[in-house]
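Presented sequentially are two complexes of chain A, the first with chain B as partner and the second with chain C.
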Partner chain A sequence: MKLNKNLIIVALVGATLAFTGCDNNKNGDNAGALSGNMADRAYVAPGEHDEFYAFISGGFSGQLAVYGLPSGRLFKVIPVFSVDGEKAYGFNEETKPLLNTSYGFIPWGDSHHPDISQTDGKLDGRWVFINENNTPRIARISLETFETEEIIEIPNSAGNHSSSYVTDNTDYVIAGTRFGVPVPQRDMPIDEYKGNFKGALSFLKVDPEEGHMNLEFQIMMPGFDYDKAHPGRGKSDGWFFYTTYNTEESHTLLEVNASQNDKDFIAAVNWKKAEEYIKAGNFETMPTNYAHNVYDVKTHSATTTWKKEVRILDPAKCPGLVYFMPMPKSPHGCDVDPSGEYIVGSGKLSANVTVHSFTKMLDAIENEKFAGEAYGIPILNFDDVLAGTVVQPGLGPLHTEFDGKGNAYTTFFISSEVVKWKLGTWEVLDRKPTYYSVGHLMIPGGNSQEPFGKYLVAMNKITKDRYLPTGPEVTQSAQLYDISGEKMEMILDFPTVGEPHYAAGIPADLVTPNSRKIFKLEENEHPFVAKSEKEAKVVRDGNTVHIYMTTIRSHFAPDNIEGIKVGDKVYFHVTNLEQDYDVPHGISMIGANTSELLIMPGQTETFTWEPKKEGVWPFYCTDFCSALHQEMQGYVRVSAKDSDIPLKWTLDDEWYDSE
Partner chain B sequence: MILAALLPLSLFLLPIWNITLEAPQYPDNIGMDIWINKITDHEPNDIQNINLMNHYVGMKNIPEHMPEFDVFPIVIIAMSVLGLIVAYFRKRKLYLAWFILFAILGAVGMYDFYLWEYDYGHNLNESAAIKFLDAEGNPLAYQPPLIGNKTILNFVAKSWPMTGAYLLFTGMFLSVAAFFLDKREEVAKS
Partner chain C sequence: MKKFNVLMALLIISLMWACGGGNSATEASSAPPPKSMVEEDADPMENKGIGPITELKLDEVNQELVADGLKVFEEMCTACHKVEKKFIGPSPKGIMDRRSPEWIMNMILNPDEMVIKDPIAKQLLIEANGAPMANQNLTEDQARAVLEYFRTL
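Moving on, here comes the complex of A and B:
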């Protein structure tokens, strides 16, 4: 969501003048947040727990941050698409495969839209899915471990932005294509974009037990930009809706060239129909290559499987699969209300918010009231599907969430505000400023059939003067509104990690009972585990040395090792023998070209060290584990390449060797 | 009296005693349950965590086996059998004798428990990493209370009977009750 910032700033100045005039309480609100009553509502006393979890995307950090609401306290940054030296994510041997792609190992990603798994249209608190925009991927994070368990690459796609939303029963999580591309990729003139580039919409089936994702099929759409998406809910379950822009199919200076059409489309995809076509064999199998990376909580290790083909549905050859509903001016947000009836499109260059009706859409389809077609896909009449319009609520509408009480809340990027309006009557009920340039917003459960309409989090793109300055790069932020009353009240302002695109919130009590405290040592199936100090050892295999090491308060076993040589490749397989909550151990080695390890109780992790110099080199525990943490250290003696120093090590103060 | 004789057998199914350690950084507490033939975690891994903590001050690990674990079950079975025999003969004085014998054995058991606790809290490893002194300048002892609560450094140690013990006490009480009840019956007969 990097719009041209100069444009934004100019618009901002104009828009804040124009629109904050509507709300003379701006300063009053500001003071109000500091006053006792409002501060109390965001205050969670020391030792008390928050009512909700908020999973806020890290945007260009590639990660997912976990906050508490209403306090805004940051609990954890879950590494997903970017390496993280703190947690050895992408550095240790166990997690490296998670970042494999058909382009090789990629250390960074752009994470966008977290969505929590659902059962019967309600949050079930099992997994969070999140998409990567740059190198199209979807990740699944376990809410038992709060760790990334799976990342699947999306072939034939680019700019995976209309992703990663789940259907009512988490049957599917979806991926889309924001940047039309040649499919399959090939060397061709960019000028020949129109009609030749494609936009694949991907449907990933989710295994109901393990959550594993499988790319079931792709719908090969024309090369528009598929921007955002939302599954149908309840009555519209079985459908998926996507906003499109650049239906002009331009490929240069999109800022102008993709903003010419008065209306773009919402693509309505009948995925139950798609299943029928797949079942009937009405698809083509296309060769491709993509990575499917799965982390196993028993082996504490990830593996990559290379997938070689994908099933393609051509919408022109599959009647009833896709319809286009006209939507004004490059719509961005695409949101469906909890009843499944209203499809809210936010034409980001429009002054109105347009709402389509699912019932009217079905009726128009049934009566074949088509205005025309595009690439063999029927276009419905705008007026036939229109449910209503929220007239002039603000400038630059982006995203809408719902409170389950018949109200919708839409963010306005240009006029920097959140507007509350009523479904059905389309009247504006309230508006509150944001600071500044709000993108997404989130109400816990607000995109499901059962929202928890107590708090609203607005996620801003720009903060300017809101916090202490930190040089040219300043934090982005979220703002918390209490929406339990008639009027929204801003009660908290808190900085975020990276750029907060979207977030998913859930009542804590749907998650905490399953949250894991330790990994059971007896269930550890890591191939290089040492389950007790008796199993600790050092094994040489040519130039490769495997150290089976254990940690427990407060020593390593072994803690002295001799017989390592320059040129060896030394694997430290470190098992944390602790079985107590919140007693991780860390380890790092002087000169190792990698990160530390941070090993949870019962877990095994591996770092690799290729000693380059003779000497005696210390290693130590990096996580303050106990009163004797500073004593938790050891040495490795490195000898010359041709030395005949035998391999030996110490366990509990005594030397051992391989004999 | 039959019930009195059978209740001690519940000790094979239920723990007799519990020692729990409370400290701020152990919000869920850590504890061990003492049975007549074993010591177990109160919650999974508690004993490992008690051992890990106590090794800093040189305390031994909680034993996996003690000679008492062989003796106590035999004593309990013997007392139950004896109780049933006593019940069969319905001699009031024998009820009382059974109670007194059990009370003596119980006292011996508690004394034995005390001795172990004393050793556990006083017999410390010379090379312990942390050595505390008491007010008199002697090495600090970490002996848990025989019964009751006691503050030891940053911990509160709580030592209390568990269900098995209460059932045992009930059995012993019943034998006394039987002693008085049967007395009344005899009076009624005469």
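Moving on, here comes the complex of A and C:
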């Protein structure tokens, strides 16, 4: 009974907080240091717009969620690597090919690092790229439609974690290998890992007009674990930096065995040099097989192209292509400051944050001051490239972003905090707790040459007691800090979809002018489009039936169909004739072994139905479209396999048939 | 979706009420003033509607424009309007005798506002059982062409 009483008290307190929404910050213990003034800074009034978009990856959800900052309001979950019945993603015929891989159709993925396209080192608001870790892939999402337009598979790779970052002009988006693998894959003893497994670093060229990705070349590195990556910026444009761990090349109990070396490496890759080697023909062409899936906004459909070869560069045979810079203790985060001079490596088992200098690196290379080599790749001296050290700022440093005002912000996983420090002097300026176990952080534009240093989002791995419990699995969360002043101030805590792994943020006004409202019917090139009710029809081809259907508020055309038979394969190709903003229609069919469709104005989508039983089966609109939404429904008559009921269809009792 | 908006509005209003935001609550409770039946007596041909078209003079029928208008009408309007019968909405046949040209174009170009504010459009929405006139995002030129086609019906 005592428990029940407590519950009632909790409920009453909760209700009081909810209904006196104006001063709840003063009451709740969990509000902690939040003063009313701070809460105001995260408050965006109903009907008002947020200042920034935040694209926060869902980690193991495989998706990308779109939030507003500073409010933390969730606008949309963009399906990328996992199917989504709500949007028919991976269920309708048009988007199924996007999830094709050389292993077949895969309904799930692990999305990690979104990165927004850049021009001249500044966010340009055209596309978001995001990597899939498990079955290595990179996706491109259009910021005109906020939909996934392209997914390319990465061959010869595993654990695509050091991905999908873009160079200053989006020349390349990159993929890497966290789990060394035999290349090409073959049956061999696992304990022969050392010296035999490889870690491919992949460079995908991005078409500047359409954004289409092409796997230009791979650098076949030794089998270390390439964990995180960052392109050079400005003066270091042309280089890419990767943290490595497991330079021990261990294949079991990595928890212990990959932590033996006092230092691992940052691999510095000169990709402009790589281009020269490719141009000079200094590569090997390797047969392979991977999927390249592209969605066409005119046909509203994706297609898969199978790619059969890849160009390989061997760093041992390409002098000047790769150098190793020692970095203490299994570095994780690898971040380059907006000037391109400082390369910040966070040795996650180290007490310090180590910063290397690009200028010093070039100098050491020029003077050939090498400490040795690994697999034919020169190793530079730690002291020759060291710019400075942030001494004992916290426990378990992970990731660093920048505010463009000479400050860096690093997350500490073990001590659950964000620490602000100064580039050049390496002094700690401020620290604030996170709740709890923060992984990545994001400042809009914080990994570009021009950060918008107003807000910082910390993404936490654990929430424990921060929210109402929801059984064993509790929400994950992000936290928003105002970093416009000298000290960071936490102004908001908000739940996220899936694991908020990493994020990319951008001022809304760089995106909204290009945001698409409708798809023009006249531009619809779907092979099964019906651009008006006059074009609505039903066509039988053996056991396959194609229904060319239209929707408008609030009816389907046709809405009565007879002559369908058990054993038919029926394709509903549904075109939404609406040409007005925010008037999608949905459709679902009783017993169809698939999801609904959710069709935007001017779009055509297709679902498949294989009727198993005779009868008269209803279908209806699933998206509340108008006051007559409930009336938006229809029937299909299904007859026996050998029936001679003719195929015919109607809207409002004017029947048509295929003759 | 619209339902949720209403719920949200109610929720916000009730929260404001809880905070002592008396003004908002008063505004919310004041229903629109009752409309007289006067409008029914008004000459519909004098009503130009609400929207971008304020004045339109018609010359002789331009057959080229009629052809354009027929094409647009068939592509964008026939899901709800049929010439030979009342369908979801009225037939456009004889519309030039019932409505001013400005009203017709405004109804095509600005239906969302028309069905809320214009007395005739409001009445038509009721007669259509609440089926709204869809905004098909025609350009002014396209709407003008449709009007020209209507002149031939």
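By our rule, the second predicted complex is superposed on the first by the 623 of 659 C-alpha atoms of A that agree within 3 Å, B and C clash if a C-alpha of one lies under 4 Å from a C-alpha of the other, contacts with A are read in each partner's own complex, and residues count from 1 in each chain.
To be clear about the criterion, a residue touches a chain if its C-beta (ideal position, glycine included) is under 8 Å from a C-beta of that chain, and two chains touch if they have at least 3 such contacts.
Treat the numbers as computed from the prediction; the structure is a model and nothing was measured.
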Superposition on chain A - do chain B and chain C clash or fit: clash
Which partner, chain B or chain C, touches more chain A residues: C
First (chain B), second (chain C), both or neither touched by A:628: both
Which of chain B and chain C A:329 touches, first, second, both or neither: neither
Which of chain B and chain C A:580 touches, first, second, both or neither: both
First (chain B), second (chain C), both or neither touched by A:552: both
Partner chain in contact with A:534 - chain B first, chain C second, else both or neither: second
Chain A positions touched by chain B in one structure and by chain C in the second: 518, 552-553, 578-580, 626-628
Contact footprint of chain A on chain B as seen in their complex: 28, 44-45, 48-49, 52, 56, 129-130
Residues of chain C defined as touching chain A within the complex: 1-3, 8, 12, 15, 18-19, 74-76, 78-80, 87-88, 129-132, 134-137
Residues of chain A touching chain C in the complex: 19-22, 46, 518, 521-522, 531-534, 550, 552-555, 557, 577-580, 583, 623-624, 626-628, 652
In the complex with chain B, residue positions of chain A that touch it: 518, 552-553, 578-581, 626-628, 631
